[in-house]
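Some structures are shown below for you to check.
First subunit A sits with subunit B, and in the next complex the same chain sits with subunit C.
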Partner chain A sequence: MFAELINPYYLQVASFMLINIILGISVYITLSTGQLSLANAGFMGIGAYTSALLTIHFDLPIILGIICGALLAAICGILIGIPTLRLQGVYLAIVTLGFGEVIRVVFVNWESLTNGSVGISGIPHIGREMLKSFQGFGFNPSAIGLQNNQFIFLSIFLLLLAITVFIIWFFRRQHFSRVGRAFAAIKLDEKAAESMGINITYYKVLAFAQGALVAGFAGAMYAHILAYISPADFAYHRAVEILIFVVFGGSEVIWGPVFGAFFLTLMPEVLRFISEYRYMIYGLIIIIMMAVRPQGLIDINLLNWFKNKRETRRQKHGAGNQKDM
Partner chain B sequence: MKGLFKKLVGFTALSSLLVLSACGGTGEQAGSDSEGGNGEVVKADVGVVSFITGSGAAYGEAITGGLKLAQEEINAKGEVEINLIFEDSAGKQDQALTAAQKLINSDNVTAIIGPTLSTEMNVVGPEADLSGVPIIGTSTTAEGIPQIGDYVFRNSIPEALAIPASMEKAVEKYDAKKVALMYGNDDVFTKSGFDTMKKTAEEMGLEILTIETFQKGQSDYNAQLTKIKNYNPDLILASALYNEGAVIMDQARKMGIDVPFVGGNGFNSPEVIKIAGDSSNGLIVATPWYGEKDDPKVQEFVKKFEDEHGKTPDQFAAQAYDALYILANALKNAGEADRDKVRAALAETKDFEGILGNFSFDEEGDVLMDPTVLVIEDGAFKVFE
Partner chain C sequence: MVLEIKKICKNFGGLSALTDVTFTINKGEIFGLIGPNGAGKTTMFNLITSMFIPSSGEIVFNKENINGLKSHVITEKGICRTFQNIRLFPQMTAAENVMVGEHCRSQAGVLRSVFRTKSQKKEEQKIKDTADELLEFVGLAKYSEVVSENLAYGQQRRLEIARALASRPEVLLLDEPAAGMNETETSDLFDLIKKIQAKGITVLLIEHDMPLVMKLCDRIAVLNFGKKIAEGTPEEIQNHPDVIEAYLGREEEDELYA
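And then the complex of A and B:
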């Protein structure tokens, strides 16, 4: 019964959805200080290539490869964050977009290392490696009634789910901490924030590095799930796609990018039955959304509305945990 | 805190439920019927992953057109009944992978045709191979595709076969010794074509004067061409897609470079003549598909395709058409729609007479056939002698 429900197709879509959620969050973090960064596709590429090359050439365990990829992306985030601090709005967007393209061109031209535009194939697949190590411990998926490939995709999905939940939890905590307050103050008014004694440089670079770290991590996971990457995966289309998750879902609260990525990854799959027209509908939905709710679907008002509704219900029925959050 | 955690878990559980239910709609029907065996009709579901929307939608259109035509004819014959299930990949690896997963796991197809791009095949191939589903690429020409696994086949002539064929003929005819190379370095297709050109040139003992690169969408090639002109080569080997390639030829002819060009498979398109006009004369390409061939099968296909789509079929349509025939043949020989039996039957395909010519798979699932070498003369493709 349980085993029949697990279809690798659904798990595959869900895994990509979780990766997109993580990418959406990476943009949300930099946006929460009012900086619009389009470099996240580049950071994603750095994470993906680093992890892929390390695991292929140095036989590093995948986990270490992913961590190295994410860290290198974060370092690049700091390096690009410092000089671009003075820039704002469109100018910052252009510079970061340029950075992303530079990264892609490096991947294309550094042929001895990255195999150029042909891309890298044969990257260790995280699910298959996990299956191997589980079998090494004497565990067989058939013991719980699963086929090998069901187990592979289920383990990827659960791993990603755990990580995504952790990332959401972490950044929600951060949002209500001193760091989060500083981010919000900088977003509202940089000058005022500075005069209140907030170290703008520090917090802006921090946000940039955090965004890069998360994007690099997502890229590394992407590489180990697809087992093949090429520079075209990290072109500006990807940067815009990630940005759309955030703009669509809403950039004020973390649930915005989460919902945006969830919905916009699901849409093309649900619309598969109308094949040629699915991207037309996809585009139409985005246009309508932006016309009706330019701030994104999920904003603070909407969350408050939900909360109030629950509050009143709670008062009526007298149930629930009052010291929520 | 506790409340937050509860909410998080609730949200993720809800979202995964939504995913499962939302995708469930189309999944359940069908399942490959596998009756047949003793002379009955073999019924099979065949999945198609193709580039139907996005920048390369023209490929997808040609491929689906070729496949549908072949499907009609095959089903009309009554030996094999094929039900095609089309899925779009939008030219993206992740989309191609989810499309293939859907076909393999939800639709339970017997075999898959596609995906369109070699980059997509690099992702989909290993997955199909692990799941034990035979997969045939009809337009994947990069190196190493059939080597992915036992279940991976292709019927598109790889660059490694087409380019040496055209180079050998051209070198022989023009008695070329010195060549100049040009290629687009940001595209998988042109890059792997260039690798083959360079290797072949070295093996043939040609002197490589210079190697010039360009990028997708570039419109001015004067810098590269001036350099090439100064070296005075006997031949120019250009690994370019037709849109850039046609402009390169146009600018080269205007500059006074009148040596022949040898191109890869991406250069092979009637569009070159449309864009470059008279400047396109002297382009030599090897192709698996020649629509003017004096073969009733070929002419019938061209006519039928033109009636339906209002334009002449290109190589992608022809390759897809032949691929479905090869698959139908394998299904007939296998006797039932069983993935493993079909794979075994596919691997034994030998001397299949299709519209592309005489076709066999080698032991790796790669193509064994002779490409036709064409040259543009007086504004039309002709067989190069």
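And then the complex of A and C:
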């Protein structure tokens, strides 16, 4: 009965939703120092290509490939973060957008390595590899009543879920700490932050590198889940798509991009007839959000409102209990 | 001598904002920097905190030349400032603002913050305690959880002072702290600055409120059109003919004494 509930297709959708959530968070991290990066699709591509090529040509284990991909993306993040330190707002957005485009063009033209616009296929599939190693330990999916196929998609989903939870946990803790305060101070007033003794160079580059690391990681996971990548996967429309998650969900709190990615990945799947008009709807969303709620759907006030509501309810309950006594 | 300004010049293109300004500030004193609007007072602050680099001259802090150091390094060394147009972090609470001020006196990096090691927890608790103490010190204890943009104007000024104090400065630069304050607030501010001095902190003050400056400062330097025209005790400054001319013209001397 358990087995019937597990539909590989739904799991696949859920997995891509988690990857989108991770991508949304990657933009949120950089944005939490006030820097808008549109290069995250490019970082994602770097992570994906690095990991794919390493695992194909050097037979590296997938885990190492993913780590290398994420690290290389982070290094590129530092390299792009340093020269753009003085740029803000639109200027930074354009430079990072340009960087993403350069990355894509490199993928298209470096044919000997990347296979050009045809893309790379036959990338080791993370689910199948996991199944293989489980079978190596003498475990068989049929033991818990699953087909191999179901097991593959379930394990990918659970792995991604664990990683997403870890990433959210990590950056929430960071947010409520000395580092998070430094990020917020830089976002709110860079000059004042520097005068208060915050090394803004360090923290801005750190935020860029963290964002790139997370995006590179998401890219590498993407490559090993789809088993096929091409430069078009990491082009301009991907950058915009990631941005939309953040614009729609909100960039003030981490739950903003999480909700944005969740909702906007789910919407075209649930309402199939919409999916063809997806980009049109994205455009509409940007316009409406900018006019009506520029901070995104989920902001601090909304969270506080929920919190207060819960607390008053609890207090009412408490009062009720006392009466009973 | 804690801070020495030696022959400082600052040019913006063809405009010279400061020419050959020299003065020294002794440890523990309240030093006033006054002058008409556009005299170069705030430029001087920006040079001391390295937001601008001087065109020539030296700024010496505790016998060390601090020209060209990064702003945040200067804060770390012990010089912190407030701003003429208040620059708090508007969406943070009062307590958070002060906690940001303590940044350079704490260490926890990303990993220690995320995994909340023992030392990080201790440090964080200390940061919170110090923030509470400082809010109490400037009289904002009950506003610690209020978002700073919702505070009254005078309170924001005090909060900015608390934030600067959080970096444990040796020299505190106050840029027109009494601007826009009413009389009671100004007199509270007087007490506050005296209390800061009592803590052993040297204060360098830009202010237009002359009665306050004259009551508060141990010594004063006067700038006009980027040049220092006088330096001395409040009495000396009040009787200095150039100062009177720069401020009021000769006929209206009486007002200055009022």
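Here is the rule we use: the second predicted complex is superposed on the first by the 298 of 325 C-alpha atoms of A that agree within 3 Å, B and C clash if a C-alpha of one lies under 4 Å from a C-alpha of the other, contacts with A are read in each partner's own complex, and residues count from 1 in each chain.
Definition applied: a contact is a pair of C-beta atoms (placed from the backbone, for glycine too) under 8 Å apart; a residue touches a chain by one contact, two chains touch by 3 or more.
Just so we're clear, the structure is a prediction, and the values are computed from it rather than from any experiment.
Of the two partner chains, neither subunit B nor subunit C is touched by A:Val90. Contact with subunit B, but none with subunit C, is seen for A:Asp233 once the two complexes are overlaid on the shared chain.
In the superposed model, A:Leu206 makes contact with subunit C only, not with subunit B. In the superposition on chain A, contact is made by A:Arg278 with subunit B only, not with subunit C. Judged by the number of subunit A residues each one touches, B leads among subunit B and subunit C. By the document's definition of touching, of the two partners only subunit C reaches A:Val179; subunit B does not. Of the two partner chains, subunit B is the only one touched by A:Glu269; subunit C is not. By the touch criterion stated above, A:Tyr9 is placed in contact with subunit B alone, subunit C being left untouched.
In the overlay built on the shared chain, the residue A:Ile198 is in contact with subunit C alone; subunit B does not reach it. By the touch criterion defined above, A:Asn149 lies against subunit B but remains apart from subunit C after alignment on the C-alpha atoms of chain A. Residues 49, 51, 70-72, 75-76, 80-81, 83, 87-92, 96, 99-101, 103-106, 108-110, 113-116, 120, 123-124, 127, 163-164, 166-167 of subunit C are the ones touching subunit A in the complex.
By the touch criterion stated above, subunit A contacts subunit C in their complex at residues 170, 173-174, 177-182, 184-185, 188-189, 191-200, 206, 300. Within the complex, the subunit A residues that touch subunit B are 5, 7-10, 12-14, 16-17, 105, 108-109, 116-119, 121, 125, 149, 161, 164-165, 168-169, 172, 222, 226-228, 230-233, 258, 262, 266, 268-270, 272-273, 275-276, 278-279, 321, 324-325. Those residues of subunit B lying in contact with subunit A across their complex are 1-5, 8-9, 11-12, 15-16, 18-20, 22-27, 52-54, 86-88, 90, 93-95, 97-99, 101-102, 104-106, 119, 122-123, 126, 130-131, 142, 144, 185-188, 191-192.
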